[in-house]
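A, B, C and D are the chain letters, set down in written order, and residue numbers restart from 1 in every chain.
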Amino acid sequence: MNPYLPYPARIDDIVVETEDGSLKTFRLVLEKDRDREAWTHVPGQFAMLSIAGKGEIPIGIASSPTEKGHLLFTVNRAGVVTTALHKMDVGDPIGVRGPLGNGFPIDSELKGKNIVIIAGGFAFTTLRATLIYMLENRADYGNITVVYGARTPGMLLYKEELDAWQRRDDLDVHITVDREAPGWTGLVGFVPTIAGQVKPSPENAAALICGPPIMIKFTMPPLEEVGWTDDQVYLSLENRMKCGLGVCGHCNVGPVYVCKDGPVFTRAQVQKLPIEF
Amino acid sequence: MPTKNESITQELRQKARHLLESGQVAAFLGYTSGSVPMVMKPFVARKPEDAERLEWNSFCVLNLANYLPPLLRSFEPPRRPNDPPPEGPLPKVGVAATGCWSRNMVVQVQENQMERERVVIIGISSRGMVDRKKVLNAVNHAEITSVKEEDNSLLVKGPGLEEEINRWDVIRDNCQTCVHPDPVIFDEMIGQLQGDRDIQDRFRQVEEIENLSAQDRWQWFTSEIDSCIRCYACRNACPLCYCPTCFVDDSRPQWVGKSREPVDTAIFHILRAYHCAGRCTDCGSCESACPMGIRMRILTKKLQKDVLDLYGTEAGMSIQQPLPLSTYKMDDPQDFVLTESFKGEKK
Amino acid sequence: MLDNKDFSAWLSRLSDSHDIYGPKKTRKGMLEWARLEGGQLPDPEPGVPKSSIKTFYFPQPETLFEFSARPKKEDAFRLHEPSRHQNPRLLIGVRPCDARSVVLNSMPYQEDPYFQENRRNTFLLGYACSQGCSTCFCTWTGGSPVGQDGLDILAFLLEDGLVLEPVTERGEELLEKAGSARDLTRAQEQKVDEIRQKAPASLPEEMEPAPRLREKELMALYDAPFWQELSDSCINCGTCTFLCPTCYCFDIQDETLRGRGRRIRYWDSCMFPLFTLHASGHNPRGEKIKRVRNRFMHKLKYFPDRFGPLSCVGCGRCVRDCPVNIDIRQVMKELLAI
Amino acid sequence: MNDKAKNQKDWEPKIIAFLCNWCSYAGADLAGVSRYQYPPSLRIVRVPCSGRVSANMILDALRSGADGVLVSGCHPGDCHYISGNYYARRRFAVLKNFLEFIGIEPGRVNFSWISASEGEQFAEVAKEVTSRVKKLGPARHLVKEF
């Protein structure tokens, strides 16, 4: 079994997520029955997407393992590979290598806990996977609170699902945008501010926080104020990755490899590392 | 009786200490010795007492100008690319400079990599630096554990080895053919200026290759670079190579493969050298830094020769004189242009 | 015991079925790996060749697979692994430090099919060092100038030939084909014993830094003040990394050429700013000091924390060839003093 | 291109021609409109100015398998950007010598000035460059292979 060989896959559907077109969600289907059946992942894991002649990029898996038959990846257009990917059409061939990394501890530490999901911008992707998974296994978790924000209403991901989640009564959802916008009737304010207003209780709880470093930095003080500790907070790190197997050396932060030991770490773990992420 | 370099060392320490003590500079950039004979460590003295660690000898082969722009930036308040430059005078840095190093500083000023006002240059007229590889060849690659330097000789010792080598025999090729050993800009001098040297065959190495057939030249070029491990020591030792993203690292488009394959290695060396055209001062840093003994300096020397032949100028001789490839004349030679040679034929 | 003539004859026979390499002096006078043919012997110079043996395990570049370079066409991801039919390789004159690097590199490369296949396919006949060089320090890193780690056969060079000791089973099988081995004379036996005893003594005293560094607190080492001076002199080139036998980081890239493509991996260095640069422009190790520190911390702290030993075999190549004389021995001492 | 194709008698070289938008590209256009015959070996890349053409681009063409390169711009004095071709002239003079110094055959990399009105001239240059490159045979030195 050669871990460097991608599974052949095909683009099954493409959704333009944001108003500026910089984020698209790709629905991929593995071509071989064998690969499709063998595929299993944990929310929070990622995979390497391969475009022949362009290269590979690590992308968080946005679909939950409970969504069978396909994989979702929400991709920001940034470098060589993502730009090429954004130019691709439904039906185009693509390679998938993975799943890689550890994922959120959905079946261990998080089980039975109240869950607080805090996300900013396009870092929501693997948290979407987590949320879908938890909703499918609703009884395994306590209260679920979601705080999700983007710069503008048009930059929010998964808009239809957000609407559906807001209507559920077993879910406490707070969607916010940075500034007032025409037609927006929801919350206005940065994610840390809203998280401070929501004041989630740390009692038997875990927080999963994904977003730009600056958002994470300012989200922590209001949480700490109400008693959250670093080992209750789960973060997902992003570093440049190449092999995804903990060999090539690109993604190390001190002694850990983000691709293999992570990308999910508790904040307590992260605090012990050099700030190289 | 101290040797010339010992005297220079003393004076350098004294001047550096004074600059640091008086607060004229925030740091002084020089050399200190390390753990391996014949390899010196570029060293930043930040406190007056650090000045005592400065040393000057014939093994100061890397061009200190290479360190200047980043060192100066390290004393500036952090800012983002589009932020305005900070107000008020910024801390200065002192630096020792020979002829070629000072000329590279001129180029850096011309290319807006640093400001002349922010460096205090202690000029040293160069007596030439020693090529470690020549010394190793002289003792047939025996192990050397210590080298003692006199004004005109090196006493080389190792297990079962004790040999006196004539210093000039092992001076680097670029220093042997150096015409301008004196610093062209400086604030203070150590010792005297010696004036331009009269070198008859300064381009001999280049001419030898020019005289080969195209096929033999290609043979020479490829065999010269075939041991390249693509470590980029030549590039990183070069004060001209300051691009935030080097062409070898460009990904859109990717100009050159990054692995150790002959074509990619060749293109790397061609473009690296070519990017130095009209800017290179023949300081020899690239060659001295190369762990594999590649004489890539011959490439830049060829460019230097042609620029001199065609446009009559050399890089870094004065801040006022524009770099030869950043300027032009209406009547620059153009026999190489096809349509011009047609004209010639028609006449 | 084989005399040089028999040794050469044996190599000559082996070269029908094996690709044989050994250190030879180049025209520029440096010792470098070269293909040995027709019973040629390696040059018996002391010390390690310029390049390490990692290029045999971790070629520059290694083709991971090939594909059609038409990303939007049907056949884009019909991958084929490169054909890797090659003769077994025999490396002669490997120094014990280099041989040990293969063992260390195997730890992170445990599940790497390319590396492991190269390992299976490469036989190492080592030469014990009778004398350390001034830049050698294998005894500091858990190795020995007469060490066997990673070797298939260990040889002691005597004036009139070599004493060959099998280390692995496959080494023994190879040796069986050597034939015409003579029994050791008393004097030869004594000479081998003498090398075994005196060689380690010619090197710096053992100091077992690995366990001591493992005990130290990571961030205390990370925040040590001496990194600044180190980074002041460093030019951030890849000389140390690329000559180092235990630097194994790589980059992966697709190359395309007239409709064909291949995915290759090739050496990369944590000294290069691009190594950690995100597509967004953010760079976790954007400053030189962080990169310099990372290389040493990886070798001396991160790797030992993960796998036990240092990721360094004390071959001294980086010490010998660093253009600015950054010396890992001094870094070790600085770290141990914290 | 594989060796088999290269050995064929009817080998036609591939020549990358970097033509400036304002003069040489228009000149090439005029050559076509005026029905001047020239060999089909040129692959034209339109660039804003001959000053835009860097050594990187020329070497990239060779690396990708071009048998020859032509860079053509406005006549000195006619540059749309006043001085682009003057700078280019210095750079190319040095580059051409340098490539020959490392063993690239003279005639692989060529430069010319062709104005928008010189259609015939363009055809002539195209013929000349093609015949030079044909004489040299397929490029091998800097062609990437795997």
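The definition used in the following text is that contacts are C-beta pairs under 8 Å (C-beta built on N, C-alpha and C of every residue); 3 or more make two chains touch, one makes a residue touch a chain.
Please read these numbers as outputs of a predicted model, since none were measured by experiment.
Q: Is the number of contacting C-beta pairs greater for A-B or for B-D?
A: Looking at A-B and B-D side by side, B-D shows more C-beta contacts.
Q: Where the CA atoms of chain A average out and where those of chain D average out, how many Å apart are those spots?
A: 50
Q: Measuring centre to centre with CA averages, how many angstrom lie between chain A and chain B?
A: So the centroids are 49 Å from each other.
Q: Rounded to a whole Å, what is the gap between the Cα centroids of chain B and chain D?
A: 35
Q: So, what's the distance in Å between the C-alpha centres of chain C and chain A?
A: Whole-Å distance between the two chain centres: 39.
Q: Name the residues of chain B that each touch 2 or more other chains.
A: 257, 261
Q: For chain A, which residues are shared contacts with two or more other chains?
A: 79-80
Q: On chain D, where are the residues touching two or more other chains?
A: 144-146
Q: Mind listing each pair of touching chains for me?
A: All touching pairs, sorted by chain label, are A-B, A-C, B-C, B-D, C-D.
Q: Touching residues of chain D toward chain C in the complex: what are they?
A: Touch list, chain D to chain C: 1, 64-65, 144-146.
Q: Help me check something: in the complex, which residues belonging to chain C touch chain B?
A: Within the complex, chain C touches chain B at residues 25-26, 28-32, 45-47, 50-51, 60-61, 131, 133-135, 229, 232-233, 235-239, 241-243, 251, 253, 255, 264, 266-267, 269, 272, 274, 288, 319-327, 329-330.
Q: Would you pull the chain A residues touching chain C in the complex into a rising list?
A: Residues of chain A touching chain C: 2-6, 8-9, 50-56, 78-80, 82, 84, 88-89, 92-95, 238-240, 242-243, 245-250, 252-255, 272, 274-277.
Q: Okay, in this complex, where on chain D does chain B touch?
A: Its residues touching chain B are 55-56, 59-60, 63, 76-77, 83, 86-87, 89-106, 110-114, 121, 124-125, 128-129, 141-146.
Q: Would you mind writing out the residues of chain B in touch with chain D in their complex?
A: So the residues of chain B touching chain D come out as 206, 209-210, 214-222, 247, 253, 255-257, 261, 263-264, 266-267, 270-271, 273-275, 277-278, 299, 302-303, 306-307, 310-311, 324-330, 332-334, 336-340, 342.
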